[in-house]
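Here come two complexes built around subunit A, the first alongside subunit B, the second alongside subunit C.
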Partner chain A sequence: MTTTLVLRRIGYSAFFAVILAFFAIPMLWLASAPFDSRPGLGLRWPDWTLDNVAATFDHPYALTSLVNSLVLCGLAMVVTTVLAACAAYALSRVRIPGRDVLLYVLLLLSSVVTGTAAMVPIFVMMYQLGLINSQYGTALVIAGGMLPAAIFILKDFVDAVPRSYEESARVFGASPRQILLHVVLPIARPGIATIVVWSFVQAWGNFLLPFLLLRDITSQPAAVLMRTLYDEGGSANLTVIPVFSLLYSIPVVVLYLFVSRRYGFRFHGGIKS
Partner chain B sequence: MRATDSAGLGRGRALAFVAPALVLIGIFLVFPALWSIYIGLTDYALTGPSSVNPRLVGTGNITGALSDPLFGNSLWLTLLFVFGSALIGQNVLGFTLAWSLRGARRGLRRLVEGLVLLAWILPSTVVAYLWVAVLDRDGGTLNALLNTPGTAWLVQYPMASLIVFNLWRGTAFSMLLYSSALNVVPPSQLETARMVGAGRFSTLKDVVFPHIRGHVLTNTLLISLWTANDFTPFLLTSGGPDHRSETLPVFIYQQALGSGALGYASAISLLLLLVNLVIALVYLRLLRRRG
Partner chain C sequence: MAQIKTAGLSTVYPNGVRAVDALDLEIADGEFFALLGPSGCGKTTLLRTIAGLEQASEGTVTIGDKDMTATDPGRRKVAMVFQDYALFPHMTVAENIAYPLKVRRHPKPRQREVAERTAASLSLGGLLERRPGQLSGGQQQRVALARAVAVDADVLLLDEPLSNLDARLRLEARTFLKRLQKELGITTVFVTHDQAEALALADRIAVMESGRIRQLGTPREVFGRPADTFVANFIGSTPMNLLDGTVTDRGLAVAGAILPSPTDLPDNTMVTVGVRPEYLALEPGGQGITGTVSTVENLGVSSLVTLECPDGSLLGLTVREQHEPAIGSEVTAAPDPGRVLLYDKESGALLSS
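Up next, the complex of A and B:
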C-alpha cells in the first residue's frame, strides 16, 4: 500500500470514529443512568439496580402522564386517520370542483402554519373557548395540524391502488359502502397503518401545543411532565428522570422499528414516517 | 392524476367525505393564521385592561418591533441558527455521511444510520434533557471528555451549543435525502471521472452535483423552514441567559406568555408565517417543475 492510501484509510476510520462518538455519547446516558444506583448527569458504568424503576412508578404524576399521553395521542391519531382516509379517498377518486386548488392549498398549509407560528392565535382561541386544560380540545388542535400532511400521504397510497378492483366489484353489484369496506379498506391497509403510526408518533413527541394548552399537571402528557421534572431540578428527580425518559421514548422507537421492518423506511414529501 | 369515480361514490358523498377534515383544518389552521393578522393589529394582552378591551393599534406593533432591540436580536440569532445548523451544518454533514457511507461495510453503515436516525426520532423533551446532561457544568460528559471542568456550555456559549445540538438532532433527514439522491448518479460517470484522474472535489462538482442540484435545493428549503420554526431551543436554554439564545419561536413564546403581550407576539408570528409561506411557495414551484 502506498502512503496516501494508508493515510486515506486512517482518515476514513477517524471520521467515522468521531461521527459515532458524536451521535452515540448523548444517548448512552439513556441506557446507563436508569439502572444506576446513584445516577448523575455524566456517563459512567452503572452500579446496577432497579430501584429507580420502583421510584418512578411511585412518582405521583409519572404513570398518569404516560396514560394522558396515550389518551391524547390515541384520540389525535384516530381523528387524523379516519378523517384523512375519507378525504384522501374522495380526493383521489372523485373530481370535486376546485380539487386541484384545494390540494395545492392543503400542501401549503401543511408546512406554513406550524405550531410555532400559530401558537398565539391557537392559545387565545382555546382560552376564549374555555378549552384550556381540555384533553379533547388539545387532541383536536393536534389532529388539525397533522391533517393536511396525512391527507397527502394517504392520497399517494390510494392513487397507487388500481381502480380495477373497485370497478369489478361494482360490476358484480356491490354498493359503494360495500366496496369501501370490503375492497378499498383492505388494499389501503399499508397506507392506513403508516398514518396510524406516523400520527401517533408525531402527537407523542409534540411538546409545544400540550405545554400551551394543558396547564394543569394532572392532565399533562409525558412530553410536558418531562420538562416539569427537569425544570424543577433537584437531585430527587434524578432517580425519576432517566427511567421516565426511557419509558417515554420506547414506544416511539418500537413503532418506528415496526414500520420500517414491515413497510420499509419511506419518504413522503419530507415527512418522517 | 385522472380521477374516475370507480366506487360510484358520487359528488355529493365525496364532498361529505372531505368536509369533516376541511372543517377541522379550517378551525385549527386557517382560522388561527388569519386571526393572527387581526390580533397583530391590536394591543391585546393576557392581563390588565387590554385583555378585556383590546384597542386597535394598526401598524403600531410592527413599528414597535422595528425599534425593539430584543426583536432585532432574535431575528439575528434565528438567522445564525438556520445558517449554522441547517444551511451549512445539516446539509454538509448529511451529504458527507451519505457520500462516505456508500462504500462502507454493511455493519458500519447500519450502525451509523441507526444512531443518526435515533437522534432524529426520539421525543424532543428527551433529547433536550440528554444534551442538558452532556453540557452540564458540574457533572457533564463533555467537560470530562475535554478536560474543561467548570465550563457551563449552555450559559457561556448558548448559541453555539444550540447549533451543535440541532446538527445532532436533524442531520438524519439530509442524510436520507442525499442517500437516495446519490442513487441517481450513474456509476459509469463516476467510473469515467476516476479513470481520467479527476480529484475528489472536481468529481463532486462536475459529476455528482449536476445530478442532485434539485435535491440540494429541496433539502435546503425544508430544513431551513423546520429549523426556523423549531421550538426545541426553548427546552435547552429558554432563550437565556439574558436573551442570548432567544430565537424567534422562543421570542414569540416569551412575549406572548411570559410578558402577556399577545398582540405584539401575534404581529411577530405573522412575520414567521410570511417567511414560511415564501419558502413553501418556492418549494412547491420546484416540485411542480420537476414532477
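Up next, the complex of A and C:
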C-alpha cells in the first residue's frame, strides 16, 4: 500500500513540476535574458550586463512604441470604462422590453464586429473617415469591441447594488449626482476596477487592429513593433527583444498591483439580512 | 411634527394594477400608525407614495399643512427605514447615521457630533467605527433607525421594520421601537403583515386589502369588532371561528346549537357567526355549542382546542393550561356575552347589533 502511495505521490509531483516549468521558464527567461551579454532563446545563468538595455533605448522606435501603447490603451480603457459604467447603470435600472436579448446579441456581435471577419469593412470605414494612422480612431475601434463584454460584466455588479440604497439616499434629500458619487460608484467600485484592468490588458495585447489601422511605424504600439524587431539577416534581434519584452510587460503588472491595492477587487454587495 | 392626510389617493402601476385605490386617510400628529395587510395589498405602495418614491396617479398627499403630492422625496421632511435597512456597506456606522447631514452639507464636526449623540441614545455607542456588515441584525436595524431620526424629520416611515429579525429579537425590538416613538413623539407610519406586531405597536391600525382600507381603528376595536370577515380572519394569532348560522325565533342556530340571539334581525336570515377562540369557554351542561374534542394544540399558557360539531363544522377555543378536555370527549363551549359577531353572508360585512 505504501509503495503505491509513494509512487503516486512521485507521479503527481513530477507531473506538476513539468506544468510549473512550462509556465515558469519563460518568466525566468524574461528576467535573465535582458541582462545577458549573449542572450539566446535558451535559459541560462546570465553574465550580467546592461548593454542590451542601452541598445534597446537607442532603438529608434522602441520607446516611442511603448508611449504609443500607453496612449492607445489608456484612451481605450477610459472610453470603455466610462461608457460601460453609464450603460450598465442604465440597463440595470431601466426596464426596457428585450433588454437581456439586446445584451446577449451585443455580446455575440462584439466578437464579430472587431473580429477578424470584419477587418476589411472596418479598414475601409476608417480609411474613408480619414482615421488611418490615428491613435484616437484606433482606440475607439478597440473600445467598441470591448464595450459589450464590459457592459455585461458591469451590469452584474450594478444589479447587485440594491435599489433601496438609492431610494434611501433620495429620501434623505440626495441629488442624483450625490447618489451617484456617494452610493452607486463606491459600491460598484470593485467592478469598475475590474473593467479598468481588463480593458487595459485587452487593448495592450491587441495586435491585429493597431497593425491594420496604424500603418505608420512612428504611431505603432509596442505589440505591433515587436514583430519588426529583426536584424538585417532576418533572424530575431535578441539584443532588443528581451529588454523590450520586459518593458512591455511592466505597465500591465503595475496597473494590476495599483488597482488591486488602491481599490481592491473585493465586492461589498448587499448586506446579508 | 405633522399630520398626514391623503385624499382620493390612487397609485396605479404601469401594468394597470391599482396598488392604492382612492384612499382617504388621516394620520394625526404624533400618532403611531400601522398599515396592516397580506402581501400585495398595497400597504408598501401607500407608504412609498407618502414618501414620494412612487408617483401618485390621482389624489393628494398632505404632510403638515403642505400639499406634497408632487414634491421630491428629499423635500418632504420624511425619514424612512427600509425593509433591508439600506445601510451603505462602504460607510461606517457613524458615516451612515450622519449621511442625511452630509447630504445637507453640514460641517464634518457637526456630523460627527450628531452621529455620536444619536448612536448613544440607541445604544450603539461602541460601534461607530464598524461597518454594517460587521453588525448583527438587531444592531443594523438600530443603525437604520438612528439614521432616520438623526435629522429632524416631520414623519417617520417604517417598511416592515421588524421582519428581518429573528423571533426573539423581534420582541425586544418591538418594545424598543414603541418606546423610541413615544420619546420622540414623531408621527410614525409603519407597514407590517404581522397582525401581532400591529396590535402591539400601533395607536391605530388600517387593515388593507387590494388597495383599499377594510377597517380603520384602534387595536382594541380591530381585534374585538372586526368590520368584516376578511379582517376577522386576518387579525388574531388564532383565527376567528366563522360558522354558518341562521336567525330563528328561538335564537341563533349555529353548529347544531341554539345561542341567545344578539340581534333583532328578521327570522331565517342567513348569517356568518364570528367568535374568537379566546372568547369561548368550556361550560359543562350550560347553553352553548356541543362538539367532540378532535385536537388539542399547546400554546404555552393556554391550549387551542378544536371541537368537531354535529354538523361537521370545526370550532376552536382556547382553554387554560391544565384544563384541557380529553380528546374524544364531548364538551360544550359557550361564548362570552356580547362577543358573538354576526356578518352578512353575502358581503361579509359586520351586521350591527
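Just so we're on the same page, the second predicted complex is superposed on the first by the 234 of 273 C-alpha atoms of A that agree within 3 Å, B and C clash if a C-alpha of one lies under 4 Å from a C-alpha of the other, contacts with A are read in each partner's own complex, and residues count from 1 in each chain.
We take it that a contact is a pair of C-beta atoms (placed from the backbone, for glycine too) under 8 Å apart; a residue touches a chain by one contact, two chains touch by 3 or more.
All values reported here derive from a predicted model rather than from experimental measurement.
Undergrad: Determine, under the contact definition given at the top, whether A:131 touches first (subunit B), second (subunit C), both, or neither.
TA: neither
Undergrad: Just checking: does A:248 make contact with subunit B only, subunit C only, both, or neither of them? Give me first, second, both or neither.
TA: A:248: touches subunit B, not subunit C.
Undergrad: By residue count, is subunit A touched more by subunit B or by subunit C?
TA: Comparing subunit B with subunit C, the partner touching more subunit A residues is B.
Undergrad: A:167 contacts which: subunit B (first), subunit C (second), both, neither?
TA: In the superposition, A:167 touches subunit B and subunit C alike.
Undergrad: Touching A:201 in the superposition: subunit B (first), subunit C (second), both, neither?
TA: first
Undergrad: In the superposed arrangement, which partner chain does A:256 touch: subunit B (first), subunit C (second), both, or neither?
TA: The answer is first: A:256 touches subunit B but not subunit C.
Undergrad: Touching A:63 in the superposition: subunit B (first), subunit C (second), both, neither?
TA: In the superposition, A:63 contacts neither subunit B nor subunit C.
Undergrad: Tell me the contact category for A:187 with respect to subunit B and subunit C: first, second, both or neither.
TA: So A:187 only meets subunit C here.
Undergrad: What is the shared patch of subunit A, the residues that subunit B and subunit C both contact?
TA: Of subunit A, residues 167, 169-170, 183, 270, 272 contact subunit B in one complex and subunit C in the other.
Undergrad: Quick check on the complex: what are the subunit A residues that touch subunit C?
TA: Within the complex, subunit A touches subunit C at residues 162, 164-165, 167-175, 178, 182-183, 186-187, 189, 268-273.
Undergrad: Flag every residue of subunit A that touches subunit B in the complex, lowest number first.
TA: 12, 15-16, 19-20, 22-27, 29-30, 40-43, 79, 83-84, 86-87, 89-96, 99, 104, 106-109, 111-125, 140-141, 143-145, 147-148, 151, 159, 163, 166-167, 169-170, 176, 179-180, 183-184, 201, 204-205, 207-208, 212, 222-224, 226-227, 230, 241, 245, 248-249, 252-253, 256, 265, 267, 270, 272
Undergrad: Tell me, which parts of subunit C touch subunit A in their complex?
TA: By the definition above, subunit C touches subunit A via 51-53, 73-75, 78-80, 82-90, 99-100, 102-104, 132-133, 137, 140, 147, 151, 164.
Undergrad: Going by the contact rule at the top, pick out the subunit B residues touching subunit A in the complex.
TA: That would be residues 1, 3-11, 13-15, 17-18, 20-22, 24-25, 27-33, 35-36, 39, 44, 97, 100, 104, 108, 111-112, 115-127, 129-134, 136, 138-141, 144-145, 168, 173, 176-177, 180, 218, 222, 225, 229-231, 235, 249, 252-253, 256-257, 262, 265-266, 269, 272-273, 276-277, 279-281, 283-284 of subunit B.
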